[in-house]
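The two complexes that follow have subunit A in common; it is paired with subunit B in the first and with subunit C in the second.
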Partner chain A sequence: MAGSLAPVFEPGFFSSSPVHVALIVGGVVAIVSGVVGTFTVMRGQAFAGHSLADIGTAGGSAAFLVGVSPLYGFVTMNLIAAGAMELIGIRRPRGRDLATGIVLGAALGLAALFLYLDTTHSSTTGATINVLFGSIFEFPSSLVPVIATFSVVATGIVLLSYRPLLLSSLSPDLAAARGVPVRLVGIGYLVSLAVAVSLSAVTIGAILSTALLIGPAAAALRITKRAPLAMAIAAAAGVAATWLGILLAYDSYDWAPGHRGWPVSFFVVTLVFAFYLVIHMSIGRSHGHGHPSVGTGAA
Partner chain B sequence: MEFQADADLPPILTVEGVNVWLSGRQILHDVNFRIEAGEFTGLIGSNGAGKTTLLRVILGLESPTSGRVLVGGRPRSPRNPLIGYVPQKILLDPDMPLRARDLVALGLDGHRFGLPRRSTAQKVLIDEMIDAVDATSFADARVGILSGGEQQRVLIAHALISRPRLLLLDEPLANLDIRSEQEVVELVARIASEQQIAVLISAHDMNPLLPVMDRVIYVAAGRVASGTTEEVVTTEALSELYGHHVDVVQINERILVVAGRETAAHHDHSDSRAE
Partner chain C sequence: MIGSLALGACSSTSSGHGITTNGRIIRVVAAENEYGNVAAQIGGKYVNVTSVENNPNTDPHSYEVSPGVARAVSAAQLVIQNGVGYDAFMTKIESASANSKRQVIDVQNLLRLPDSTPNPHLWYDPKTMPKVANSLAADFATLQPTNASYFKTNAATFIASLQPWLAAIARFKATYPNTPVATTEPVADYMLEASGAHNLTPFGFQADIMNGVDPSPQDVTLQTGLFADHKVKVFVYNQQVTDSLTGTFITAAKKAGIPVIGVYETMPVPGFNYQSWMLAEVEALQKAVADKISTVKL
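Let's look at the complex of A and B:
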């Protein structure tokens, strides 16, 4: 077995400690992205998700300046931004995009400043590249418990408020009439989204983090008509893409040009996109009554 | 359809002196009416008359500026299990991963936190409710792909599964053809009389409701007249409500309310549709 798979699994892949950390962190983050992302797509908040990633860049780059992990910068900045969006009025669909846009503009200015300072401060573009494109192979293993805690919080909020969240995503009025605290549930979800986007940003980078949040979930929602199954499929697809991406990135140290390795995020995002395309083309735009799809069984 | 109100029971709904102002405009003016347990009431008015606002006030989604709303004789609580509700506008995306069955189930426990675990008894109840609204054949389809009439039936099952005493339906007949219109009206009337549920159903045309309606609440520009059809839908009563002359005419079993000659330009005050 080792012989036939040798060209795929480069020597040292399974014994390298950075690879272990990358596989664990990447896998956990992909699960969070799948669970939270399913609701992001259902609630039509892909723009808010992407904006949070961009906004988080300000926090991630600021963290470098003060010498702490970008993870804390992303989480802090995204939580502040989520709070600001909620205050400005994320509840109405139109207000939501406007609120997002306003906060986004302000944060991108800060991000530009901090990224510039990062570069001049350290005389390298290393920090900038880490923030924008992720740094999964340089992830300190001491941060793994922190990642795990954030992951449990983000998925826990979504899973525990699953039914009220589903109902208020369908219709806030319907939910409110049933006694769902719609605003509270929305805030809880926004916290999950802020954390999920931060986790995704530190693994595959701020620029590409939306791909992991939206791509697998969007594909999963084409496959199944049951929300819990969609979350499971999105998580599984995300994990597969992330692990395969890590493997290919590791292999790419032998590739041209220059044998310096290709970025993990490139592979992950390309794989996610390919997965979405395959699903899109094999299912098409129609959902007939009798359309064969996963999960037609009884509740 | 006739239901004798029990003298001991308080009215299921009492609306007393309700005024509503929104964004500096008065939307409802001194609204008073009562609905007895088990009564089927039509809430009739043209676009913008204030029907949705009134239903939202009853639900507690909007607060009246003055006046009060009693449900089952008590001030209404935020989550009132006595009321079932189907909103007017609900956009169900075709890609939404939700079967008709799941939407009905959310009527049972959609407000609960924690992971869903439904007992066999609850699953049986869900199946029974789906059957009661004749939705069994499409119970496992995505709600987003269902026709307007099918979605309306699923939403009614969602509203009824928690066994409310009052069902509020906001324009359930909008966008339905005549046949589905009749089906939905008959279905609601049948379940309501079987389970002794009072129904308040808004519509801009009263004609599909005439066969089943016990009482009518007529709304015009935020003012309300209520009573039996014979009392309310008359040239005198409606002219007074509108504040100008309207004619109530009967053609082929259908009642039409048309703006009087002096105000013939106000076609929007007609609540009837040309067929």
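Let's look at the complex of A and C:
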């Protein structure tokens, strides 16, 4: 580093079209992840969220066989998986992990088959890395409107069902007693989770996508118990981690082993982890427990 | 001319007419069908060639070994492979079924190339196959000394039959010196180099596509600029390794009116032998530069 500001932004960063697309897609996806992820953490569905991401690999790898963008494969597979998890019994706390785990195992088996077929019977060498670890710099700009549409759907469901969703997330029994259609709200939420995980998967890869969904939201919920503020902090932190990750990946072009660049997903996930760690250390254990109350959350 | 070509991993074809009076048929396994084809031309009626890599729709870099290949190698008297890590699976199978009598031609070793050789697609280099042909003739002669002169004659015939290809390369180089080109992968780079073409795509980019990882945004921007700014006369992409990214480059090239050529990593079958395939690739290059005609499939 020469000491000036120039090395912060490598030449061509602001004029590069792959960077533009990455910044737009990464930013939008980070906002969706922050909004949806806050409820994922509050509902204790982090494992379901991660499992959906892993299950999505089957869809992403199948998309390569069919010849469409992995985005469609992730969304399709995740919606099917969310439906299956709901049917098997994600509502019952005891059956939830079991249902998720069973669907997860079957889907990863399919992913193994599809990735094998991708590399041996169709001419797509990069399928495995693309599906598992993301490919944000190679994201086609023609799909940006599709990303925007899915983002509106995922955040729209959460915001439209905000109050009943919050109540049933904090206390399903109380919500049911007050006449909230808990199951319907839960299904709506699972749909937005499935879409959010799919969006995150095309950004930083299927197996890393939970990091963006859970990390900023978990840290935000340690800072505040108020759900709207937590969603805003999670979205802002996610956008910061994603954009900084994109910048670092761009700059890493000149790093060892030279003229290749390091993967974006590595930087994003590391920054999210560092953010969570800093919040965790500075706030301490005593404040971090218990659920946010309905009253403050709705304030 | 030997008409039959190497077939599937588990099947094989004899280029001769069964057992001859001079003794048994030599069983040959070739890691890639272009080497298998040359082995069949040199061995003629005394060899039976099985090729492992022969599907133009798959990427040879990501090949997985089947038990059928292992069986074929353990029964083979001669194995021919590319080396440079391109077909490392062959070395593993050979050591798993050790046989001191088996001849192994490793083209990398034959050409005395270091392991660090960045571009493994040695068969596109015009200097490669004459040496391979002579080496095959020598090894076949060791296995069947009575037919030594037959193999030697076939090798000489084969080397002579490369002339139209070499002449086409020389003609292109003289007519269109320093032609700027863009590529996705280094697959045909040796031939482009011999043709005097100047490949403006950074090698790091080509290696990333070859290895199935995402190229850096800097390289993608540079590559896109080659088309938008009309810096190249032709875009040479690997027909066997495509994805949405290489697809966008093909679109960008076509939009800029730059002809594209889909080159093959393994020999396309049926319809080609090694020398006619290589000649077709140079002719496609010639047509692209001279007449702006694209060749997506041979």
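Assume the second predicted complex is superposed on the first by the 278 of 299 C-alpha atoms of A that agree within 3 Å, B and C clash if a C-alpha of one lies under 4 Å from a C-alpha of the other, contacts with A are read in each partner's own complex, and residues count from 1 in each chain.
Here is the rule we go by: a contact is a pair of C-beta atoms (placed from the backbone, for glycine too) under 8 Å apart; a residue touches a chain by one contact, two chains touch by 3 or more.
This one's a predicted model, so the numbers in the text were calculated from it and none came from an experiment.
Once subunit A is used to superpose the two complexes, subunit B occupies space next to subunit C without a clash.
By the touch criterion defined above, A:I129 reaches subunit C but does not reach subunit B. Judged by the touch definition given at the top, the superposed model places A:Y250 against subunit C, while subunit B stays out of reach. In the overlay built on the shared chain, the residue A:P18 is in contact with subunit C alone; subunit B does not reach it.
Once the two complexes are laid over each other on the shared chain, residue contacts for A:A230 go to subunit B alone; subunit C is not touched. Of the two partner chains, subunit B is the only one touched by A:V180; subunit C is not. Once both structures are fitted onto chain A, a short way to say it is that subunit B and subunit C open up an angle of 150° at subunit A, using Cα centres and rounding to the nearest 10. Contacts of A:L87 after superposition: neither subunit B nor subunit C is touched.
In the superposed model, A:F137 lies in contact with subunit C only, and not with subunit B. Think of it this way: put the two complexes on top of each other by chain A, and the tightest Cα contact between subunit B and subunit C is 40 Å. In the superposition on chain A, the residues of subunit A contacted by subunit B and by subunit C do not overlap at all.
Here subunit C touches subunit A in the complex through residues 55, 57-59, 61-64, 202, 204, 208-218, 220-221, 224, 239-245, 248, going by the rule given at the top.
Put simply, subunit B touches subunit A in their complex at residues 56, 59, 61, 78-80, 83, 85-87, 90-99, 101-103, 105-107, 109-116, 118, 123, 126, 138, 140-142, 144-145, 158. Contacts from subunit A toward subunit B in the complex involve residues 38, 42, 159-164, 166-167, 170-171, 173-180, 221-222, 224-227, 229-230, 287-289, 296, 299. On the subunit A side of its complex with subunit C, the touching residues are 10, 12, 15-19, 22, 64, 69, 116, 119-130, 135, 137-138, 140, 250, 253, 258-261, 263.
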